[in-house]
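You will see chain A twice below: alongside chain B first, and alongside chain C after that.
Entry: the complex of A and B
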């Protein structure tokens, strides 16, 4: 292989490093109108009165829009008005829009809108939401329109319940000699992508709706705007240029609806809705929170026997993607271990928090924090090496997952190999907790990870390859370039298959839903697999067309042709052949006659054999494969002050096949950094009114350069047999075990159970203080 | 985006600036003095600062002074924080200023803005509180010179039309032993959980604090206790807490109890560094 496994530079590198790259918010047009939002200052309140009189009179104001007469929206349960009506359920919820001819006039008018609220009791945690006496956030839950695979419970705050029932719990507990039970909690937080969300919309006289959006899901925007507003789906045309980081946060459809509504209210004119940083954190959907309780049992020798799990997701005020997140958390609820007897209830709870969107890892880092902390507690109680406990229970081909999928050597990676390598890299034999003297302790914590995608069972991806007259080829795919470099991997695949220079594969970065074949959503680490398969098929289709044309021109059977060096030639006599250039636009004979036409290769791929989960047992096949890995964190804790430094962070991931080593390393390292920030610092703080106290980057602080540890990133390669060149998804996996590994290292260093995120020195101090006073542990 | 309109003025002299202020205010305007602008811009876009005219004082030569005159170090109020490390005449100030915000911001944030702004940490004042500095304040009646101690109570007590021009610090203080430490909620970035600065003059330790309360302060009562040589360090630290102003900050950066825990450790560390290990 020439191109596969090579660290080629990204196709979007030059425009990005020179600053030429254009994002949605960069768009400025003369006739554009600007939309500013009025957002709720409360977590839960009735809207008593809205005074728009001053706003409407201001110069330049084209429209002022409030709730009412808008459809309910939501991907699985239609429970959310795009603009709040009569009641707000979270801090930051949109209450009114102002459309004006300049951003400033829109803001000025928005600032004059006076709203009278009557605050309501606030639900600030999912455990509180579960209390039968808790106020209801959606009294009409049972009446909302929904898809068939979601199970809201009327009269409660439960938006969805996923049940996993595998094996026989009675048997499991009877075989368990050692049992631990612990609870965990982590609040919602943010994605903090560099680019804040932005959407443009216009409606043409013929009814066509044009949307431009910083989105991971333009095809979902097309579908949902069509459904919500009754527009022919082909009349909704969505464009997405480069996206400045998504991390799942841009997979939800929100601002696009506001842009459409604002354009509709302004005679269809082009409008722009752009989030401020504060709105991006408050108003747009956030990273989900979790409360969990896990009871885990094993035999005297450490063989896992039974687990009972309760996951209570803090889905926020509206269910949108949170119900799916709660389902994904159930699917991989046990971590990558073989357990015969599993009972899990994963509940998506309504709270008065900003609602949730996907977040890199799609519930897995949250679940793994709880589960992998429990694994360490169990190892501790058993008096067993935590790495050994994981090794002996590692999921293997022949085992079944919590949803009873029987795994084989293609559908699951090699976890024992990852653990083995991690053990070496962490110098495990030198000890897990080392006293460095002078109030300093070094400690090592680990976490194993796994993840499958839980996307729609019929999610598909398409690729078109359009030849240029010089024999080069344009690669058109619906994958969004969100910064992961997926489109460069696709170019490598096409280059490899067509045997053409990478420089001759021209990648169209922008996606337009009218001319780009659909890629379901750029989520779930599925870009290179699904679009990769489609790209291979498109390349094969183009090769077949090239060979047929050559066969005609050279009067030889198609089967006798091969490709190489950007030519189609006869296998037995390579001197007889035609270049791609001679065939790309059909073949022209010396006398001017021509046959054929532009070569256009097409390919598509749909995930196969996926099924929804059984509502009673959870049995079903949610995704095609499980990427696995083992991760570790080394910390130095000051045992007097409880401050700490993360010195090293290590990932060993079974990537199937590393397509582009530098880019793969970049993905894993970036994800580790994000996971450490989420584990160690990032969180929303709420007050009693449900208000987020830190919706700014000065008080909400992702990891800054210089705070990072040394990163170590290695790969195991166990091919997934039905994927392009054996690759497995890895866009999210570097993040998954970081909070857990950090929690495990610090719990060991401090000698207390640290079961909350973020792992701040103050938390360690509080737990340590409790332990010293004997009221904890 | 700042949604309100405001005028911009850039006077060249102190008198021009104060006259401007008076004129604008007498017309019913709400002028404010402007130096680095970081706070006016970032809070202005949230409507937490409002003005209809900014008077940029950076072109007034006196506000740019940085150097020694007559055995005094003169610190112009419009100097950016970054300069204190580039031309390090006042090591305690350099050390404290270095921990404020990030470098990109420190190029813009001025010492006067840090001291007179809304964001209550105002760490830039600590070195001046410890060194018996004077302040030069411009107002309608010209420039007055006052001991900082007399005009600083939680913040610099300025009349509306007044602005800080310079701080004057005796040169002898530049040579004295000092410590300055900023502790944060986590790792290396963020507002202070607390900042403690200390200076040793004639064998006596002085202490000034930021982030402990919602204002910076120096406490002579605490200093008396912290200098009681007969007591062990930790006891001294805890005893000094009796004289802490109230309230102790209790916010998203840290609880009041945790702040006191960190404060105790920080003070004990300072005492160790100044006076040596207790066990010796």
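Entry: the complex of A and C
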């Protein structure tokens, strides 16, 4: 293989380092109108009165829009008005829009809108929401339109319940000699992509709707706008240029609806809605929170026997993607271990918090924080090495997952190999907790991880390869370049298969839903798998066309041809052949006659044999493979101040096949960085009114340069047999175990159970204080 | 220059950007970032917070990295402004490519500018200085290791950024700035 496994430079490199790369917010047109939002200052309140009189009179104002007369929206349950009507359910919810000819005038007019609210009681945690006496956030829950695979419970705050019932719990508990039970909690937080969300819309006189959006899901925007507003799906045309970071947060459809509504109210003119940083954190969907209780049992020797799990997801005020997130949390509700008896209830709860969108790892880092902390507690109670406990229970081919998928060597990676390498890299045998003197303790914590995807069972991905006259080829795919470099990987795949120079594969970065074949959504670490398969098929289609043309021109059977060196030639006499260039636009004979035409390769792919989950047992096949890994974190804790420094962060991931080592490493280290920030410091702070107190990047702080530890990342390669060159999903996995490994290292260092996120020094101090008063580990 | 109280009244100003004098109509309250992007089509500098927190909007003013969301356009009159568009084929850009020092690329112009400014001011900065300068910006995609490698490979390669040493650059009548680059 020439191209696979090579650190070739990214196709988007130069435009990005020169500032020429264009993102949604960079487009600027003379006649554009600007939309500003009025957002709710309360977590839960009735809207008593809206006074628009002043706003409407201001110069430059084209439209002022409030709720009412808008369809209910939501991906699985339609429970949300795009603009709040009569009631707001979270801080930051959109209450009104102003459209004006400049952003300043729009803002000024929005600021004159006076709204009278009557605050309502606020639900601030999913446990509160579960209380039978809790106020209902959606009284009409049972009446909402919904898809068939979601199970809202009328008269409660439960938007969805996923049940996992595997094995026999009675048997499991009877075989358990040692049992631990622990509870965990973490509040919602944010993706904090550097590009705030932005959407543009215009509606043409013939009814065609044009949307440009910083999105991971332009094809979902197309579908939903068509469904919500009754527009022919082919008349909704969505464009997505480069996206400035997604991490799942841009897979929800929200601003696009507002842009459409604003354009419609302004005679179809082009409008732009861009979030401020504050709105991006408050108004747009956030990273989900979780309250969890796990009871885990094992035999005297440490063999896991039974687990009972309750996950209460803080889905926020609306269910949009949160129901699906709560389902994914059930699919991989345990860590990557063989456990015969599993009972899990994963509930998506309504609260008065910003509603949730996917977040890198799709519920897995949250679940793993709870589960992997429990594993350490169990190891502690057993008096066993936590790494050894994980190794002896590691999931293997022949085992079954919580949703009862029987695994084989293709569908699951090699976890024992990952653990083995991690042990070496962490110098495990040198000790896990080392007193450095001077009130400094060094401690090592670990977490094993796994993840499959839980996308729609019929999600499709397509690729088109269009040849240029010089024999080079344009690669067109619906995968969004959100930063992961997937389109460069696709180019490597096409280059390899067509045996063509990588420079000759021209990648179209922009996606347009009218001219680009669909890639369902750029989520779930499935871009290179699905679009990669489609790219291979498209390349094969092109090769077959090239060979057929050559067979005609050279009067030889198609089967006798081979490709190489950008030529099609006869196997037994390579000197007889035609170059791609001579065939790219059909073949022209010396006398001017021509045959064929431009070569256009087509390919598509749908993951096979996926099924929805059984509503009673959860049995079903959600994804094609489980990527596994083992991760570790080393910290140095100051035992007087409880401040700490993360010194090292390690990932060993079974990547199936590393397609581009530098890019793979970048994905893993970037994800580790995000996971450490999530585990260590990122959270929304809510007050009693459900307001988020820290919607700014100085009060909500991602890692900065200098705060990062040393990163170590290694790969194991156990091929997935259906994927291109054996690759496995990779984009999310570096994040998954970070909060858990950090929690395990700090719990060990401080000698207390740290079961909440984020792991701030204050939390350690509080727990330590409790411990000093008698509640020792 | 007479400035009216009416915030909608426009004034015409001249700015020196990337070595060229440009004339543009602005409101006195316009941010430099917005004038660059909306009026001059220089969209390399990005809005990320408009609050000085993220550094995506970084430009170089009189050799110092400045967050253009914290500057009014009128504060940039008579100053020497360089945006990412004025930086072509610099060594730091090449090293960003070589070291994969970006993913989504949204923070990249800001990081390139702050790195470039650092090298202009101190071709051989120590570790502490590098942390001080680079921690002004946020990258959410990378783990910073790649950006660090890109920068250090320029530092190790000597002053290869094709820049004139600091003291020979003509100040062009620019106002004095204190060490943070703020106008005195």
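The definition used in the following text is that the second predicted complex is superposed on the first by the 774 of 777 C-alpha atoms of A that agree within 3 Å, B and C clash if a C-alpha of one lies under 4 Å from a C-alpha of the other, contacts with A are read in each partner's own complex, and residues count from 1 in each chain.
Note that contacts are C-beta pairs under 8 Å (C-beta built on N, C-alpha and C of every residue); 3 or more make two chains touch, one makes a residue touch a chain.
For clarity, every value in this text was computed on a predicted model and none was experimentally measured.
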| item | value |
| --- | --- |
| Touching partner for A:680 - first (chain B), second (chain C), both, neither | first |
| Touched partner set for A:504, first chain B, second chain C, both or neither | neither |
| Which superposed partner A:761 touches (first chain B, second chain C, both, neither) | first |
| First (chain B), second (chain C), both or neither touched by A:107 | first |
| Partner chain in contact with A:641 - chain B first, chain C second, else both or neither | first |
| Touched partner set for A:192, first chain B, second chain C, both or neither | second |
| First (chain B), second (chain C), both or neither touched by A:698 | both |
| Which superposed partner A:149 touches (first chain B, second chain C, both, neither) | neither |
| Chain A residues touched by each partner, larger count belonging to chain B or chain C | C |
| First (chain B), second (chain C), both or neither touched by A:711 | second |
| Chain B/chain C common contact set on chain A | 104, 276, 698, 703-704, 706-707 |
| Partner chain A, residues of chain C touching it in the complex | 7, 27, 29, 37-38, 41-51, 53-54, 56, 83-85, 87-88, 93, 96-98, 100, 102-109, 112, 131, 134-135, 137-148 |
| Complex interface listing, chain A residues touching chain B | 103-104, 107-108, 111, 276, 278, 640-641, 643, 680-681, 685, 693-694, 698-699, 701, 703-704, 706-707, 758, 760-762, 765-766 |
| Partner chain A, residues of chain B touching it in the complex | 1, 3-4, 42, 45-47, 102, 183, 185-191, 251-255, 258, 261-262, 265 |
| Contacting residues of chain A [partner chain C, same complex] | 7, 9-10, 12-23, 25-26, 28, 104, 191-196, 242-247, 274, 276-277, 482-485, 662-663, 666-667, 669-670, 672-674, 696-698, 702-708, 711 |
